């Protein structure tokens, strides 16, 4: 439809009116927004930011929340670990708040530190992959619905998200290859193995949930969860959780990065801000998968609506659910030791594979019994 | 060559040659056989102060060659140039967390040479110190094993539990780690009752908190998975390669110097030798866990014994001689007068001690005239079981290196001396 | 390039850079010696260095602080240098422990290097080992240094005037060293000792009949200790006979006696498999001339002697025929003087007084 | 002898062990047994016998050199003061805090303190001359609390108190043996004068009586440092215990 891209159409698309029609409504601060919208340039910017797709990209679940969550979860993980380990954790940097900005200090330090590209590295790839990896990290955020706010609506959003997320290990393998170091090589091989270990049960558990809900559109999935998915198909939830642990290389499956064994594996040669970027990949992946888990199993943005917050209500519910998942992932860190690669493979290809098939069976049964009801 | 002052010869540029203590042939063979040579350490998050040269095929270690000596601090040479008494802190340094046992061995060699009978009270105090160090070292090794397996809680808790032990050692000797408290003929100070009571109470704290530790680390399924049937040394192999201490006992040999050749008051307290027949990493670890329980029981018995003993008289009269009236309960003021001019009779004096990680051998060769040893030989447990450690690695997976390393509690400063 | 670095250090981002660095001093995992025990305590639950934003972390590239934990040997000095070079700017070095400052107990050792000669050092922490408190104090001092740009020691001494005390009219003599080393002492390893040890006497009788004609003397030197003086040529035969009973080597030792122009090589044997022999240590020793420092290796009978023999080659230069690793350095760095434990390699002498400063 | 049994992991046991580990973690997350001493804010209370920095009392010192001789690290060197006496100085870059010197000092001239948390910016500063060792040094103290480990019931707790710990503990003086030097074989004396010149209090003199040169030791001045005993080439001097009264 070439005529769609006529000048008037483009003007129409980028006009303020277009944004205002599909804007996040927050009754609590509506007067302020209304006032801001009157101001010529500022009003346009406010409308643009509050435009639902843009809001999804920039605010929630997009960039801003991602960054905040990164800073928070790294601190929180260290703090929780410290608490379990009879100590205090990061504190002195901001004492009255329990050192909550510790990750910011670390980030700043990384940012201003020298970036070393060693002689043996493939210079171009070594530098570009940590940045390119943000494509598969950020893209899924557009499809994740937070209540009524969603970047791109698509009947295949779940499938797309899962597909894009599976791209991340490919980038990690590329990073390890570009590093051209012994331990990076071993770590890369481990990452590839782990990819095979978790990907199939992960996809099976997702498919079983698609069967349960009868759709791959996440917005619909959330709508249909009068009963949360975790009750409908707890086995799938378990498989999803364990494979999330594997996919984000959390303990006990922190195998590709195993610092005591192979010195951070693929990331061994990175320094400065480049390391800051690659180190956060796992946390970013964890964030996405936690969002996905809350949507598939915990009812996404569903929850008692808070009228004053309007659309933000769903955002808050989703956020709380995702944080709960992340916290439980962080909790595992202080409980478990690292398994060996062959043990992880054995676990995933036998036990987890078996129970994932059970979850698939449950999904099929539910699908067959309820197809008349919801379909 | 003589009187050479040590000068540094480190080039400003990082050196390009790697000095491998292996024949070039080894590398060539490795590359021809399509094997992968991995160097682990010394700057590696999962190695101590040593380098391991591994030849791996796929994920399996074909051969492991050690490159020790990164902490070789010339102790034997230095000991030949110092007074007998000055060697006490020197010989303490191989394994400073094991202060009680390490100094005890050296001091016993001297006492044996001079035929000194140690007062009963001093014997018990020494035993308490030795057992505290043993618990401390086992906890240290448990912590290192845990962090090698990626279990950070398993690292923090043993080190937290070392804190009351360190506190107890501080109250006894006045310093956290390197106590240098045991001297020929006894100990440096008497230990007041209040401190002994603290030591006794500490054992209850250890017992209580070790219960949680057992749940989260010792019996953690992932830990069991990682350690079980890994790095197995059979009884025959363990004897052949001269493995010592808890690692020998884990392979089924009932050998403990404390029982075989009892010293101090070990024959008057009741304790058991834990042994296991499996010889894998997990039983090496469990044997030491059980030893902690035994040490706790020894400490309690020793404190009870000390309760009924009068305070004072902690240094033998045989060694104090004319100062025995004034210095028998406090060496202050007479330290150099008493020990400054010790001369051992001619001959070789070998003492065996059961340090935390195994047999510790001191062999002092005296010429009977000088007040310094003619030759002092010390072999630490780490140096004994290094061979067994290397053999245990053969045929295991690369990831098991850390599990086996940790299960042996290999501490390079101790091995290198 | 330099301009941009200068800009970062003093431009408008400088406060951020300083603040970030201050609260994020991550020490690299470079364990160099035994002070690591107290370092671990400083970062474990007892003191928890993570409170100060300092987190022990894996490898050089991702960290910015080296804590040199005690002794740096010649072998380790290279590693320290390489690690320092691998680390991205800005980077700092704290040296803890007497061994790392001026050698501490090992100040005149042949294998020791001062870290301050290898890398630029920001702070020195005294103690052997320093307490975790002092290490945390060093971190604090380093934080202050990063913010203010100026290093400060945390202790100040007050001068005291000594002249008020009763004086001596002229300078007294310096007393001689308390050490006395006999110049040409006789070395005997088989000094007999009267002990009450029935089993030993029986054992000695057994050995005497078994090793007939192969030994010079068999002596009980102490309870559970037996010394057998042999000739070098008979060692292998004796070893093959003894290896049935005694299954491992406890000690391989060499004694250098330059004034008699000989080495004594001794093997101390013991047993794990026979319960009665467990406490017994049998010492077989032989004298060999200094000019021909070769000895048959006994690793064929006792594999446990392997590393001990290699160590003795390293330290004394005794060539053990049959040990495949002879001629290679094991413990020592390549640039260490050869065979340092021979008696003619002298160490620096102690000095008990400070030269009068003008 | 205790036989250690390695557990076999069956499915059910394994689940139980997982649950145990997770519950233990959760329990600690809710009620942690924290034992952290927040060092710059809090200071650990150390026992009075703690081996820290060393203080020196020059008025007690006999210049007997024993502290320097016994030092295993050769950190103590005698320094010639302006009053022509040798006093110890400590190089803290070498000191290993074994306190052999403190135990050696026959007259309690060296006293231990609890100062230990000190850092230096360069090596030269670490050499502490005698003048610096007399008065307690000033260190940075940021603490608000003093913390002590106390065992209560069967658990370890931290006891915080507001008061600042005194880092210079009072040390009870130990027993002393009064000795003096005497020559037991005057016939062999060479009258070389080594002892005369090395005596820190000038208690020894050589008098010439006719042809004979005689050694004279002033028993009132002599306080038994023992230097002359070591110096004497003929080994004819020894220390004798001073009689309790009226000697």
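Letters are used for the chains, namely A, B, C and D, taken in the order the chains are written, and counting of residues starts over at 1 for each.
The working rule: a contact is a pair of C-beta atoms (placed from the backbone, for glycine too) under 8 Å apart; a residue touches a chain by one contact, two chains touch by 3 or more.
None of these values were measured; they are calculated from a predicted model.
Q: Relative to chain D, which chain has the most distant C-alpha mean position?
A: It is A whose centre lies farthest from that of chain D.
Q: Counting contact pairs per chain pair, which pair wins?
A: Ranked by C-beta contact count, first place goes to B-C.
Q: As a quick test, compute the distance in whole Å between the mean CA positions of chain C and chain D.
A: Each chain reduced to its C-alpha mean, chain C and chain D end up 24 Å apart.
Q: If you average the CA atoms of chain A and of chain C, how many Å lie between those two points?
A: 51
Q: What is the distance, in whole Å, between the centres of chain A and chain D, each centre taken as the mean of its C-alpha atoms?
A: 60
Q: Rounded to a whole Å, what is the gap between the Cα centroids of chain A and chain B?
A: About 48 Å, centre to centre.
Q: Where in chain B do residues touch at least two different other chains?
A: Within chain B, residues 44-45, 82-83, 89-90, 153, 156-157, 160, 163, 178, 216, 220, 225, 340 contact more than one other chain.
Q: Chain A: which residues touch two or more other chains?
A: Touching at least two other chains: 84-88, 91, 259-260, 263, 334-336.
Q: Going by the touch rule set out above, which residues of chain D reach two or more other chains?
A: Where chain D meets two or more other chains at a single residue, that happens at 21, 25, 28, 33-36, 38, 69, 72-73, 96-98.
Q: Considering only which chains touch which, how would you classify the arrangement: line, ring, star, complete or other?
A: complete
Q: Mind pulling up the chain B residues that touch chain D in the complex?
A: Against chain D, the touching part of chain B is residues 82-83, 85-90, 153, 160, 163-164, 167, 170-171, 173-175, 178, 180, 188-189, 195, 198, 201-202, 204-205, 207-209, 212, 215-216, 219-221, 224-225, 228, 250, 254, 272-278, 280, 282-283, 286-287, 290, 322-323, 326-327, 330-337, 340.
Q: In their shared complex, at which residues does chain C touch chain B?
A: Checking each residue of chain C against chain B gives 28-34, 37-38, 40-41, 44-46, 58-60, 71, 73-79, 81-83, 85, 99, 105-106, 108-114, 117-118, 128-129, 131, 178-182, 185-191, 193, 221-222, 224-225, 227, 247-251, 253, 255-256, 268, 272-273, 278-279, 281, 283, 302-308, 311, 315, 328-335, 337, 340-341, 344-348.
Q: Would you mind writing out the residues of chain D in touch with chain C in their complex?
A: Listed in rising order, the residues are 34-40, 43-44, 58-59, 63, 65, 68-69, 72-75, 77-87, 89, 91-98, 115-123, 125-126, 128, 130-140, 142, 194, 197-202, 227, 230-231.
Q: Flag every residue of chain A that touches chain D in the complex, lowest number first.
A: Residues of chain A touching chain D: 80, 83-88, 91, 331, 334-336.
Q: For chain B, which residues count as touching chain C in their complex?
A: Of all residues in chain B, those touching chain C are 1-6, 8-10, 14-15, 19, 21-23, 42-45, 48-49, 68-78, 81-83, 89-90, 93-97, 112, 140, 143, 155-157, 159-160, 162-163, 166, 176-178, 239-242, 248, 253, 255, 257, 260-261, 340-341, 345-350, 352, 359, 361, 363, 365, 367-372, 374-375, 377, 379, 383-384, 386-387, 413, 416.
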